[in-house]
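In the two complexes that follow, subunit A is the common piece, with subunit B as its partner first and subunit C second.
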Partner chain A sequence: MNQKVFAPWDDPNQKPLIQFQNVTKKFGTFTAIDDLSLDIYEREFFALLGPSGCGKTTMMRMLAGFETPTSGTIRLSGQDLGQTAPNKRAVNMMFQSYALFPHLSVWENIAFGLKRESTDKDAIAARVEEMLRLTRLGKFAKRKPHQISGGQRQRVALARSLAKSPKLLLLDEPLGALDKKLREETQFELMDIQEKTGTTFVIVTHDQEEAMTVASRVAVMDEGRLVQVATPADIYEAPNSVYVADFIGDVNIIEGNATPNGDRVRIDWAEGQPEIWGTAQKPVASGERISFAIRPEKVTISKEKPEDRRNLLEGEVIDIAYLGNISTFHVKVGNGQIIKAQSANTRRLANRDITWEDRVWLTFTETAGVLLEG
Partner chain B sequence: MRRFTLIAVPYLWLLALFLVPFLIVLKISLSDYALSIPPYAPTLDFSAGWQGIKDLMSKLDFENYVFLTEDALYWKAYLSSLKIALISTVLTLLVGYPIAYGMARAAPEWRPTLLMLVILPFWTSFLIRVYAWMGILASEGVLYQFLSFLGIVDEPLKILSTNTAVYIGIVYTYLPFMILPIYAALEKMDDSLIEAAEDLGCSRMSAFWLITIPLSKSGIIAGCFLVFIPTIGEFVIPSLLGGSDTLMIGKVLWEEFFSNRDWPVASAVAIILLLILVIPIVLFQRNQQLQREAEG
Partner chain C sequence: MRRFSWFNATSLTLGFAFLYLPMVILVIYSFNASKLVTVWAGFSTKWYGELLQNEDFLDAAWVTIRVAFFSSVLATVLGTMAATVLVRAGRFMGRGLFSGMIYAPLVMPEVITGLSLLLLFIGIGLDRGVFTIVLAHTTFAMCYVSVVVSSRLVSFDKSLEEAALDLGCTPFQAFRLVTLPIIAPAVISGWLLAFTLSLDDLVIASFTTGPSATTLPIKIFSAVRLGVSPEINALSTIMISVVTVGVITASILSKRSAVAQQRDEQAATQATG
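Showing the complex of A and B:
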């Protein structure tokens, strides 16, 4: 990669495309979005990630204009969207259910939005053809939505929402209905289209892998609040809370009392167990209760006791999850806690030497994990 | 064999309850009026066997049908029935669509109740309900009393015994047939389609015309046929609510049968009516078929 890193959120001169300013949304007494502030920049592929009911769809619907914030403002290119009706916003949405018009052909579905703002038949036809090409739907232009497959329908929905060249495209769980393989293909297609058109995408997803794959930045939400907004790598490597660490990928959480020692921190976590050494990202008070989070793939497992390691735990293999390319070992250490360790399966199954009930050693470096509050 | 029996049952049913009566009426329509019991000739002589049938066939003719074309009363009655049926269908649609739309938009927990309210009148006798309308529409009836209480009218109403009363009666009676299929179509519709239309630049109004109406088309068509088809032959409403100038073929049919006791002519009228109805019925079936295909 020789191009400049795309990171407008780090550039103070950049003007955000979308600004949520202290937005709160209440349904009756229930607070769906709680005093949320967020900037999203042009050309971003922004992912909203969170458990069911955390308010992702509500945020999208506020952007599209189907819901109005109870308080706070939402700006698009600096302009307060306020009460602007959905049909007056330069925002298009790809619905979770696709919401294709069943009585119109694929061609007419894509042309629908264009026909609302222009009567120039040739221009509309040209644009529809372009969209058909982009989403590889040319062959199906004349079919009705019920005559094409789920994946094709999904592409029609995408083409329809892209046709008007919106400033902002909202995708609410666009790939929810697709099987894994088609899903992965489509993710790359989406990224490709996003890059080609330069449109800003905001995507909602349940699937953390999907968010990590497609997004330039990921926002992890919980109960109407943003817990962390960062690049996929930061979210994964440097989660800011146990919640995020736990939500994204697999993680071991070890709770203990901290004792700072230079730029390292000692964690006493269980009676009779060797202490763990970690690296503090920010100052830690002596005796503070903290959580040490470490990803299973950063834990090395071996049958022989390695020499010269500061973080060394002994335990017994109680479970092995074979995933093809990797295996996850569930190891019970002295105080009964289970710690997961992963290793790549470079050798064939029969030649693997670690098996159930083996005594094993777990090691990791002092910088492999992160220290989190609470 | 079992399969054959299964298929045979509905066919036997149709044969006994539709085809045989139809053939009897057809036969009567080709007979001549006679002062006898039954009041037509010839009759089939079963004891004469095959020869009896031959004799019968040789005496049948189309005289009555020719007669229908000669007397202007009949084709005027047909045309007038078609006109009244058409206007009533449009009126019923105009009244029924907003009701169906309102029902489909109502909160889900209210829908069964609303549906109930639409169907409820069917549980009282049709005749009683039409008589009730006579009481309402009479020159000094309930409606008059109500309106004069409000000070809107000061002289007796002239609604009963006019075509207006017939329209009111038909719209009232057939409204559920219009509401139910439209409601069924609207209720199935996904709300997000309207949101998608608005998202793509439609106003509320144009989303209604471009999405809601086309998607309820099959319900509209079904409802229109369900009102139109029985209205053409309607007899009770025009004879109870209509006046002497309300001309409908159902009434003519009744008079031929029971006042003139001219069964052959009455049968001919009925056969022609049936032929007229076959066209919309076939169209209706086709609509249902297309809808099933679109859904399947």
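Showing the complex of A and C:
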């Protein structure tokens, strides 16, 4: 069987569903979205990630039709959305504030959109029941929004936006108020729905694990700009900047001067400390100031000095964070920098031999980290 | 005993006596058996009975109710529309001027409002009667409705309307299906306010009425000039009751909507928290 990988963004023949072309959005003199271009393809699960206020909701609102770009165009299936009214777009949005209708019951909230386009009572009822089942709200169908919990409200908002099975569904932090278990279930539910219906999802989330789980691609934003758009694995393994590396997951950043040597790069990063060897993804100039980023789980910690290794640092354990399945050791190396190392707690008490104030050795391979500019 | 002192009790009694003694006397004398207004001759409801026989008063009551009904409905529609536009339209050139112009009639002396309306009606050659009073009352009551409704709309979460649009409503459907039901208590209390304002208006009605239409306040005023009769007392008592019920209902409704609003807001903050 030759299963094709889903990667329409690599295929020049694919037509994007959504195209942002040099879109800028200003509120007065404040630039919320800054000359942003982006293609999103059909059947994608596209995640927007970024700190609060970076313009995620603004992008969604432009897609839904509540804001018009100050300049640039947004296309949906090749058509300029321009002034198309929100109710004429095959786009549904789940609002960050839910925006449930307080005077209608849960059932009526979900049926609201369906009633606008169809008068077939049975079909509407069937669809609402299906949504209630999906979001496990059956018991609350008759209640008003103020009579249910925050997480239940969130599910009503989700059900309401899903009910019309739109071509494009915008989810603004859809799962923030759910507990971990329900959130994970709903994530898989969403992926399932996406598989079945072929809907394209654009999802805003603060939870990077969630973005990693559900997304086909992730866009990391900062102050109205896209910093990197790539698959979750690429974002994690090959961030294109210190900003992205730092934003996604835990990372050690070591700054130093580079000296290329074949396909390897030597980094002198502190007086009296052994140099670090990394692998260059791009050509590096000799003497260039660079940052070496390495994830804690790629750093091995041990009490005995390993033999014949490059990238060997000695330090003292100053803190241990025990997280159940893994432990993170904060190790202070010679020049005072803290380097985090993670190890899996595969055996009970496995790493109990390393404790506070122990002298330890940290090692990592030459390909474990990435070299970033600046 | 901090809450109760002789000083507090006395000032409270004096204050309320000042406010309500005249009305209490009027109500008491409406049950006076004597024809002489100032001489108590025992309890009787006969003046109420006689009132029902008095064609003039009944006609005037009918005119008043019709005027109050039509003008309050018109004022509610127009006032709600004005409030919606002013609260929703965002910032546009001259917005301050517009809202100022809507609220100005609130503080305009009634004599001037009445006089200018009279001049207008004469100017366009409109026959004065019920219709012109309705127009006049609509004009000034609509400001009150617009104040009441816009104070509710200011705190109305705009994303609810956006959600309705997003789910396929036209802007008008969004207003009818989402906004209106939610602000309904404010609209109804605006309507009740307009109704009671129209019921007891004398000045503007006398300016804009013609020989064919006499409202109750006009009728009472002209009757009193010939001397106060117990019948007038009875009539006034009935009007006091109607207005009281109207005002209390309006305030209960707006209080209830305030409570509901608070509840919704709490729900919203819980959602994001």
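We adopt the following convention: the second predicted complex is superposed on the first by the 337 of 374 C-alpha atoms of A that agree within 3 Å, B and C clash if a C-alpha of one lies under 4 Å from a C-alpha of the other, contacts with A are read in each partner's own complex, and residues count from 1 in each chain.
Note that in this section contacts are C-beta pairs under 8 Å (C-beta built on N, C-alpha and C of every residue); 3 or more make two chains touch, one makes a residue touch a chain.
Every value quoted in this text rests on a predicted model; they were computed, and no experiment measured them.
Colleague: Quick check on the subunit A-based superposition: subunit B and subunit C, clash or fit?
Modeller: In the superposition, subunit B runs into subunit C.
Colleague: In the superposed arrangement, which partner chain does A:Ala85 touch: subunit B (first), subunit C (second), both, or neither?
Modeller: both
Colleague: Which of the two partners, first being subunit B and second being subunit C, lies in contact with A:Tyr243: first, second, both, or neither?
Modeller: A:Tyr243: touches no partner chain.
Colleague: Touching A:Phe95 in the superposition: subunit B (first), subunit C (second), both, neither?
Modeller: both
Colleague: Quick check on the superposed pair: does A:Ala177 touch subunit B, subunit C, both, or neither? Answer first, second, both or neither.
Modeller: In the superposition, A:Ala177 touches subunit C alone.
Colleague: Comparing subunit B against subunit C, which has contacts with more of the residues in subunit A?
Modeller: Of subunit B and subunit C, the partner in contact with more residues of subunit A is C.
Colleague: State whether A:Pro145 touches subunit B only (first), subunit C only (second), both chains, or neither.
Modeller: A:Pro145 contacts subunit C only, not subunit B.
Colleague: Check the residue A:Gln154 against both partner chains and state whether it touches subunit B (first), subunit C (second), both, or neither.
Modeller: Touch status of A:Gln154: second partner only.
Colleague: Could you point to the stretch of subunit C, among 4-12, 94-102 or 184-192, that collides with subunit B in the superposition?
Modeller: 184-192
Colleague: Under the contact definition given at the top, report the residues of subunit A touching subunit B in one complex and subunit C in the other.
Modeller: 64-66, 85-87, 91-93, 95, 97, 99, 101-103, 112-113, 116-117, 146, 160-161, 164
Colleague: Quick check: in the complex, which residue numbers of subunit B touch subunit A?
Modeller: The contact residues of subunit B facing subunit A are 190, 192-193, 195-203, 206, 210-211, 214-215, 217, 294.
Colleague: Spell out the residues on subunit A that touch subunit B in their complex, using ranges where they run on.
Modeller: 64-66, 85-87, 91-93, 95, 97, 99, 101-103, 112-113, 116-117, 144, 146, 160-161, 164
Colleague: Per the contact definition, I'd like the list of subunit C residues that touch subunit A in the complex.
Modeller: Those residues of subunit C that touch subunit A are 157, 159-160, 162-170, 173, 177-178, 181-182, 260, 263-264, 266-268, 270-273.
Colleague: Using the touch rule from the top, collect the residues of subunit A that touch subunit C in their complex.
Modeller: That would be residues 64-66, 85-87, 91-93, 95-103, 112-113, 116-117, 145-146, 150, 153-154, 160-161, 164, 177 of subunit A.
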